Every structure is written in C-alpha cells, then in structure tokens.
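Report on one structure; see the data block that follows.
Chains here go by letter, A, B, C and D, matching the order in which they are written, and residues are numbered from 1 within each.
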C-alpha cells in the first residue's frame, strides 16, 4: 500500500539513481538516439526533488501529481510527456487516500501507452513497464527480472521514437528509456513500496 | 568545438534575449518563458503557433509576425519544449478564434504539443494541430515514427499563416492543411555534422571527402553515404528521389525551396539552385515559386535541402507570395 | 575542401544564374556580363552602384532593388571586377541623374572603379564615387592602403540608397557620404578561415582552440591571435576597440550591426548581440537601430563582425528603417 | 625603335613567361597577398594573345591599346588597372607611326604611378619599372639588373596594395607584381626590342 511518506522516498531514490546514471543513460541514447536521455531525465528528477521538498503533502495523489507536473515540464523531448503522462495517470488512480499499488501502476502504464502508442517489442520503456506492472500484480517483481526485461530490449528493432530512424541499426543496443524505467521499479523494491 | 557562446546550458536563453533585443518591433518574449510572440494582434482570427527544439534558427521565431506565426515555442537545443511552455504560448496568442499548432513530426514534439492541446482544452481554448512530415528520406509506414518534419514546415507556416490572416476558421485551416502537407516533400544532403553545444562533438563523422544523403535536422542518419559529388550530381540525386515521390507530369506547377543547413554559404546555395533549375527545365515543370536561404538549419551543419511543393491551388501560391512582417521570411 | 559546386572557375557565373532564377522579380543579369541590375527604375534619380569581388554574399547583389542599389558588379571570387564590367553597369543603371559608385577600400576595387568612372566620363555620364573604409583593425595612415571597407558598407548602401530614392542629387549624396562614412566603424573576429574555391585550402590556419581579432573579409591577417574566448569576452574586446575609435559619450545615439562571416549560425550571432546589448547598456548609449545576420560574408569563414554607426542625423535613422525591395536587406 | 611586329613578339613572349611562372607568381602572392597574382596575370595575357592573333595591326599604338584593353578587362584585382593603365599610357605615347621605346615606357610608368600612387620603395611593381625605364633611357638595361631590382623588393616593407595590411610581416618576401614586371622587361631584351 502506497503512503505519502513511502511515495516520496521512492521518488527521491529514483531521482538519486537517475543522477548517478546520467552519463550512462545519455551514452545509451547516443548510440540509437540523440544522446540526451540522461540530461533530460536528470533535469526532470532534480526539479521533482525540489518541489517534493518545498511543502508537506497530505495525499499520495498530491505527491504523484506534483511529481508528474515537474517531470512533464522539465524533462522535455519524448520522455517528458511519457513520464509525465505516467505520473498524472497514477495520480488520477490514487484517489484521495491510501491506494493500491498495482492499480496505480497499471494506470501509469495506460498513460504511457495512450501517449506514445507503443506496443510490446517496439524497443521502448513500455517493454519494461508492461511486464513490471504484471509482475507487481502477481507479487513477483524482482531486481533480476527487471534486469532481464531491460536487457531484452537489446536485440529489438526500434519501431517508435527517434531510434526508429535507425531501422536495423538500432539492433544491438539497450533502449535508454527502458533502462531509466528499470531504475524506477528498482527504487520501488528498495524502498519497500511493494511490501505489505 | 569552436562556437561563439558562453555557458552551453544558457545558449537558448541568451539567444532569445539577443533576438528580442534586435527585433523588438516584431516580437516579444513572454516573461519567464521561452515563448516568442508577435507584438501585432489580429483579433478574431485563428492564431497559428509552432515550435520545437532550438538549433534550427531562424526557425521558428524568425517566422513569427503578421501573416505567419502568432508565436513560437523554443525548446532546449534539439529537444522539444514541454507542454507548460506551449500552453503559455496558446493562452497568450489566442485571439478569440482558437489556436492551430503546427508540429514537426518527431515523437517528442508530437507528444508535448498534444499534451499542451489537452491542457488548453481544459481551459476552454479551442485548439487543434497539424503535423508536418515532409522528409522523404524516411520510409513512411505505421511501423515507424513516420516521416520527419523538416524545411517544408516553413512553407506550411507561410500558407497556413496567410490563410489564418485571411480569416479562415480553425476547421477550414485544418482541412487546408490536410491537402497541403502531402503536397510538400523535402530531401537533404550533409557535408558535415552539427555539434550540439552541451555535447561538444559532432553528432556523426563524415570524412573530408564524404557526403550523406537523407540526413535529418538533428543529425539523424541518412540513406546513403558516398564520396563527395559535384553540385550537379547532388542536385540530380535529390530531384530523382523527389520525382519518385511526387510522380509529376509535364506542365505541373511547383514551388522550390533550397535551404542551407547552417554553415553552407549562400554562394553554394545559389550554385545548387542553378543546377536544380536546369534539371527542372528538362522535366518541363512550371516553377511558380522559388526561395533560397538558410531557413531550417541544423546548428553548424554544412549541407543543403531541397523542398518542392505541388501548387495544386492558385490560392496557395498567392499566400506564399503575400508580404509578411517577420524577421526571416 | 568540401563545397557544393561544380568547376571552381564557373562558380560566380553559376551563382549569378541561380540568383537571377530565384529572384527574377527583383533583379536581372545584364547579358554577357556579371552585372546584377534591378528590374525597377526610378527615372530622374541618381543610381547607386556597388560591387567588388564575389564571396561576400548576399553582398552586393542582395542589396540591389528599390531604395538601395541600382546595380551590383560581381568580380571573380575575392577579385575586383574590371572597368568594362563596371562601365556596363553604369550605362545601364543611369536614370538620367548620374551615378554614384560605392567602393570598398581595397587597392584593386578603387583602381578598377576609378578607371570605369573615367571611361563613363568619356561617354558623358556624370559619375562620382565614395570609398567606404570602416575596418578599424587597420591603421589609417597615408603610408598604407588605408582602412578596408567591410560590413559597414551595407549601412552606406541603405542610407545612400534611401537618400537617392528620396531624390537627392549626386553632389548632395557625395556630401552626405563624406559625413556618413567616418561615422561607421567595424571590427571582426575569426574562428576559422575561408577557402577560395580555386585555391582549395584555407587562406590561413587557426588551431582548434584559436581565434583571431581584426581579420579582413578576404583572409587578411588581424592584429591578435589568442585562445578561444567566451562570447562575452569577444564582445568586450570588440566594444573596447570601437569605443577607442569613436570616443563616445553617455546618451549618444548609435546603431549596431552584428554580421556573421558565412559559416557562423544565427544562434551564435544572437548570443553575441545579447552580450553586446549588456555592454552597451553599461556605456549608456542610445541604441536606435539593430540588425543581425550574415550580410557581408567571407565564403565559409566562421566568425563575426561588429559594426557601429554614430547616428548624428535623425534622417540617417529614417533611411536605415525605410522599407526596401531587395533580396537580402 | 618599336615596330608592330616586334611589339607583338615582345608581348607574346611576355605572355609565355607569365604562363610558365603562373604558379610561382601566385605562391609569391600567397605569402603577402591573396595568392591570385599568377592566375590574374595568366588570365590577362591569355586574353591578350587571343586578340593579338585575331587581326592584323597597322600601328604600334593599335597593338598597345588592344593589348592594354585586354589586360585591363581580364586581369582584374589591383594589377589589372595597373598593367592596363601602363599599356594605355604607352599606346597614347606611341602615336600613329613608329616610336621611341624610351618615351613609350616612360609613359607606361606614368600610367602606373597615376593609377596607384606608389613611390619608390613601397614594394610594388614600381620598384622595377622606375629603374628599368631609367636604364632603357641610358641604354643599360640587362637581365642582371632586372633581377637585382626584383630581389631588392624582398627586404622592403609594403606600403601599397594588399601586402601593406601585413606591415612588418611583408618584409622578407619578393613582391609578385615586381616579379611579373621583371618578366615584361626581360622579354623586351630577349626579343631585341631595345636593339637599334
């Protein structure tokens, strides 16, 4: 069950991980995109950190919505609206009080899919979100499985986003958005968000 | 990397301040945003807005003004602006008849502009959008992000801007765009790559004797790399590809835009259009509109793009030719 | 050398054909010559003509049209046109009130234009000339060829062109120029050198981290070479040199032209004028005119020049601001 | 005494020498100018050759004038009007019939000086023309002396033309216009123009 305090710890850990992996994320994007995914994500999570520190929050919905707006207005590029839509979707689902993690994440995935129209196998963040949401539902999310889904984007041929212009040449590289999404789910596990 | 700049992170902010200082009779910057709006207002008419990542100057801010764009939203270098910036532009520019967003077809741009559209709808501003996808270097299929929006976008700004100034309502503008956009096609060739200020090295490497056909305006790879060719040969390659895409007939009426990519001098652009001129004469097309200059650039990339527009309607040509008050048209 | 061109010897010829194809509503090429003349005529008014070596596009042909030049004489790359070409331009452009030749101060240009003037006098056309020498990088003394004519020349074209269109007779235009030219000063900084097509390699070498202050528009050497600086620091150097030359006072009215040298993108030019803006604000000058763009280029040189004009007369500003029908103003 | 036939031979030999030394002349100009003196001169003398072959000439004046107009309209740059003025000055002096070489050359020098305002020691073609005209007057022109005058421009500091922008840095290089003018006077000697 998601609480205000847990949600904030989760998002702050996510921000910390993004900051640590910033260069790595941009390098991944350099190979099949335009090399800015790390900078974009770090700019967004830094802004998120600032707003989360600025005031006290009463509801999970409020936390998720504020975080989403920060990500949306600061990440830019393709991943800005995608993470933004995910968080705004999650906020809507969260309702006023405490909330069911599985349903919330499902709403997040729904936000991404509506925004980007990506299918499984298109070599995007969806290739992590989709199995991760399912795993949460079945209470079987683990670091190992996240790693597997992220790595599974390597042999895929990109069909959405900037990487799709590379066609065949996109094969053999991990998708940067899948990697950053992996960090989001890892942080969930590490902060005990999924614990009863 | 040698550039005239200060800190790379501030380059867009400083550029916009410099632009507004220089052109204060035509444009202003909305306080606290990266939105460049025109000082002129046309109450009761649709406001046309465009934008995207920076690094394509004079696009888009150079086309803000009477008869073209009501505002331009300027993102970081090669990165789409976020929805809140676009929303600011929409709220400011709306002249009571709604707003049309002109989006270049890139995943990031499309998503950010569409989100802004949703936000604007929540504030009861009637907003619609059109997506320009003129770059024929890219396969157009439902299995990709589709064709990119490149230099042909400025012809859309001009014609749609003219139509908006003429008083066409939002719905009719959208119908016009549905006709217009498939009639515009572009193909580019690069001699050297652009260097993003924050990255500090070129996006790709071309040898001292290499060129690449079909590159995008953010260093997206093209369809073929080869040894440097004469202007005539490059012109022939681009014309042949466009011909394949247009399927034109003797006597058809077209317009031509030759666009420098940033570091290519005007001299070379004129030499190039001279070769285009000869090739099109052989094709026996009726060339009713021509334009040459660095309009949709890619930072300091050297290269050129060729845009052609099938002028199906007499009125499109009129809107292309109509005088406007902008920095760069 | 990577350039969009065919045979280097034909580059000017092909460029002019391309230019005239593109801009046929504004200019024409006199048959058998490298003279670009305007299609508009202003009978009974003085015709202002300029010209020089090619490679500075859009100068000079880009400033031919109503309200500016009556014709431009285009020499080979970086080489003055010969007197017979200039004479053709004079004969064609004369509207019955005589012709004023605007010459950039280079030995070759001065001699060729003066010879043309003598030839024209023999054909009873009244011709006079003015010599622009705005480049303060060069010592002005009777022991040298004197200061060079560079980007400030386009301000001369605009003001003198406006005055001619207003009907001022030849003699008064000459008097105006005597006042005007000493009020215009320019200084440039190069990031990389130009490559003349027929030569095939850059005119000089600057290391990957070097810049040079005071270079000319044909690769003439400057006064100091140093490690690359920020835009702010380069702006400061140029402003300080101009200040020394102008000796300005708080409240004085000036105009500013920031000019790209050919390969420098607009983004960098706007960043630069933003720094200029801040420095001039500190000087408390009244900046009544601003212009940014690649107007007096040096082929594919990367760099920038700063021109300032002391606006002594209200009327000068009016002529600067007056709309004209040209390709490039 | 200058005859039509001698004049044509002289000018053709000059053209031949310019063509042979084209690269060398441009290299000299590269050092202290803009590297086009060879191309400029060769373009001019090629045009001169064409017009001299095109028709029969009755007078020395006619030959010099036609040559001068060709040089003037084809060399371009600084040396075009200078050589052009020299030849037009010489043509004026030549009068209708045969003519005195010394007076003709003096008129050529006069044309150059009026056009370019260069003084002795300014490191220009004048530094060859001035002593050469004097030597012709005194019947003491020789290849050796021409060479001396040309070489003497090396230590000079340029005060006229494009080289003057180099200031001190122009010292240590021969002046290209002085070298091409040397070829003109050498050709005179070799074609026996100065013989009685």
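As a convention for this text, contacts are C-beta pairs under 8 Å (C-beta built on N, C-alpha and C of every residue); 3 or more make two chains touch, one makes a residue touch a chain.
These figures come from a predicted structure and were not determined experimentally.
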Interchain centroid distance [CA atoms averaged], subunit A/subunit C, Å: 55
Distance between the centres, which are taken as Cα means, of subunit C and subunit B, whole angstrom: 29
Distance between chain centroids, defined by C-alpha means - subunit A, subunit B (Å): 32
Rounded Å distance, subunit A centre to subunit D centre (Cα mean): 79
Per-residue multi-chain contacts in subunit B, two or more chains: none
Graph class of chain-chain contacts, one of line, ring, star, complete, other: line
Pairs of chains found to touch, sorted by chain label: A-B, B-C, C-D
Residues of subunit A that touch subunit B when the two form their complex: 34-36, 39-40, 69, 72-82, 84-85, 115-116, 159-162, 164-167, 169
Parts of subunit B lying in touch with subunit C, wherever the complex brings them together: 2-6, 11, 14-19, 21-23, 54-55, 57-58, 62, 191-192, 208-209, 211, 228, 230-232, 234, 258, 262-275, 277, 290-292, 294, 297, 299-300, 302, 304
Partner subunit D, residues of subunit C touching it in the complex: 75-76, 78-85, 106-108, 111-112, 114-115, 138-139, 143-145, 148, 196, 198-199, 203, 216, 218-221
